[in-house]
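Look at the two complexes coming up: chain A is in both, with chain B in one and chain C in the other.
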Partner chain A sequence: MNDIKQQGNRLGIIGWLTGGRWGFERYMYSLHRITGLGILSYFLLHIFVTSSRLFGARTWELVMGAVANPVFKLGEFAVFAAFAFHMLNGLRLILIEFGFAVGKAEEPVYPYRSSVNTQRPLSVIVIILAAVIVCVGGYRFFFMH
Partner chain B sequence: MNGLSKWTWHMMAGLGLVAFLSIHMITMHLDLILGWFNPAGGESLDWANVTARGKQAIMPFFYVAFLGLALYHGLYGLRTIIFELGIPKRMARLTTILILIAGIGLFGLGSFAAFHFASVAASTGAIQ
Partner chain C sequence: MTEKATQIRFHIRRFNPETDTAPSWQEYQLDVDPGMTVLDGLHQLKHTQDMTLVWRYSCRMGVCGSCGMLINGRPGLACNTQILHVTRTALTLAPLPNFPIIRDLVPDLTEQFLKHRELKPYMIRPDTSEMQHPTGEYYQTPDDLLDYLQFTYCIKCGCCMAACPTLATDPEYAGPQPLAQAYRYSRDSRDMGYADRKPSLTADHGIFSCHYGSECSSVCPKGVDPARAIQLMKRQLVLDYFKLLRKKPPCKTLGPNEHAERKANIPAAPPYTV
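What follows is the complex of A and B.
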């Protein structure tokens, strides 16, 4: 039994970041789920908060005052960032799930080619666009009054 | 509606939300950069802007469509995640019923708020 060779962690931190053979689309899946649930939680609360306008200007100012603190501001920014990622990644998923942007179907001849390589540029575009939107939003959130 | 059409509607709602949510985020969070949909100028949540938007005839329809799409898409997504836990059939049915009740209740509350607010804003000019 002791002839089994110990495998070192060959991928190291890079493997941790890229999920080994999974690639970062796997992490985009996790992030899509987390952002979806995050936006949903915020949204359910949001319906109650914004419905408070029914009670007039005073109640509105009161409720807005209650949520005008740094913790809520940071939370709101997190929701904004979640929106940017979830929307763009959602568009990517819709394209892929309906069969676009996955490359042409071809005969499976060895060595097989992974369609992930065809999809990767779209993932990179999503990350870059989301980062741009988050930066513009972040500037408004934290540097403009 | 079978499972596949429910999922297809989930996707379509996602597409619709791209337009609605983008307009919403631009209105609310890029107010001082673009100023769109903020007729009174300044911050989007100033009462003057809230009532000015409220007086526009299209707004309650915008809100209700937006609310319906977001509730359907978000709650269907939540249901998918719960189902993926592999719960028994009876629990799955119960989950669907509870989510449906929550969705209809929140849709009712939000729609009432949007239309009631619009009618008061239109008749009084502003709500004091």
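What follows is the complex of A and C.
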């Protein structure tokens, strides 16, 4: 086989979002990774911003002035929304990865029912709770400050 | 009265390693009758329009696992997917992603088979002489059988591997097919090889790289549910780590029934060949 020229066909990061007609949970998988990276980016930015105090009051005020920009406020809300989803979906994944909510092995009889169906209520609950938290948080974020 | 044929536009991903530097798309038109499978459609195209079209198939009945391909963006078997069940206008066919392409719609599944072998997908027991020259049967209850039966239906078609988002970015990840089979054997009450499989399961790029994208179970054409097997395997590993795993006693061997009488018209078993 080694002498046959082959063409690579790995989907890569693009495959998280495109490449096929995927199911609901696969998009939750992708969103979990993206929100995780978003939260990590915020964390790094947060360290950078707070550490600017080390360089004196003037630098601190300069940096605080920069982050007072509405774009940063919107970004902060995006981090909050990402955190809400990531936390709830993380709890769902912990439950599933400990073997809860996936059900017991059953004989496959067509039309097949799989663990995806068994855990689906958890996915729905995660989405609803995340939406509620984002809406309530959004109201407090934009209208009560 | 027969139903009228529907004209379907086939978009097929082509790649010839001898002449092409990258895959390209080719379009065909075909009249599709109700009940016609994707495999039937490909045969029609090859016979009537383009004899250079290449794909892999064998049994035509969803048993051999040869004809896995990306059918309208979803991994599935060409032989058990009816064209009019997935489209009324256009059908897109591409080789299974996450595998190298040998030619046109033929993926190279070698990587999957090597990972499968790495996880020791066979019965491991200390009594090798009993396994090779059985004197009786290993005792197993119907409930014991149901614990793993679902996972024995795997035909290694590679659809789950093509749908896995972790495998899309981590080529070294073992993948759903081999991991599900590791659980299938470890859960078998006759097997005693869990400790042998554990190092490969818990290694980097092993079972804990799965984060339940769950697409492997959605696309499995045999209802094997690899995602379930993987999560149940993880539970076993975690319980084992915390020393909470209840160890099952090895299953008993039942000897021949001493009271049974052999019927005179049954010929003797042929001699062992291995």
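Just so we're on the same page, the second predicted complex is superposed on the first by the 105 of 145 C-alpha atoms of A that agree within 3 Å, B and C clash if a C-alpha of one lies under 4 Å from a C-alpha of the other, contacts with A are read in each partner's own complex, and residues count from 1 in each chain.
Just so it is clear, a residue touches a chain if its C-beta (ideal position, glycine included) is under 8 Å from a C-beta of that chain, and two chains touch if they have at least 3 such contacts.
Everything numeric here is computed off the predicted structure, so don't read it as measured data.
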{"item": "Partner chain(s) touched by A:G23 [first = chain B, second = chain C, both, neither]", "value": "second"}
{"item": "Touched partner set for A:E97, first chain B, second chain C, both or neither", "value": "both"}
{"item": "Partner chain(s) touched by A:L37 [first = chain B, second = chain C, both, neither]", "value": "first"}
{"item": "Contacts of A:L54 with chain B and chain C, given as first, second, both or neither", "value": "first"}
{"item": "Touched partner set for A:A105, first chain B, second chain C, both or neither", "value": "second"}
{"item": "Residues of chain A touched, compared between chain B and chain C (which is higher)", "value": "C"}
{"item": "Residues of chain A at both interfaces, chain B in one complex, chain C in the other", "value": "97-98"}
{"item": "Residues of chain A touching chain B in the complex", "value": "33, 36-37, 39-40, 43-44, 47-48, 50-51, 53-54, 56-57, 60-61, 64, 80, 83, 87, 90-91, 94, 97-98, 136-137, 139-141, 144-145"}
{"item": "In the complex with chain A, residue positions of chain B that touch it", "value": "11, 14-15, 17-18, 21-22, 25, 29-33, 45, 47, 50, 54, 67, 70, 74-75, 77-78, 81, 106, 109-110, 112-113, 116-117, 126-128"}
{"item": "Complex contact set, residues of chain C against chain A", "value": "15, 17-18, 20, 22-23, 70, 72-75, 95-102, 107-108, 110, 146-151, 153, 163, 165, 168-169, 171, 187, 210-215, 217-218, 220, 222-225, 227-229, 231-232, 234-236, 238"}
{"item": "In the complex with chain C, residue positions of chain A that touch it", "value": "1, 4-13, 15-16, 19-23, 25-26, 29-30, 32, 93, 96-99, 102-110, 112, 114-116, 118-119"}
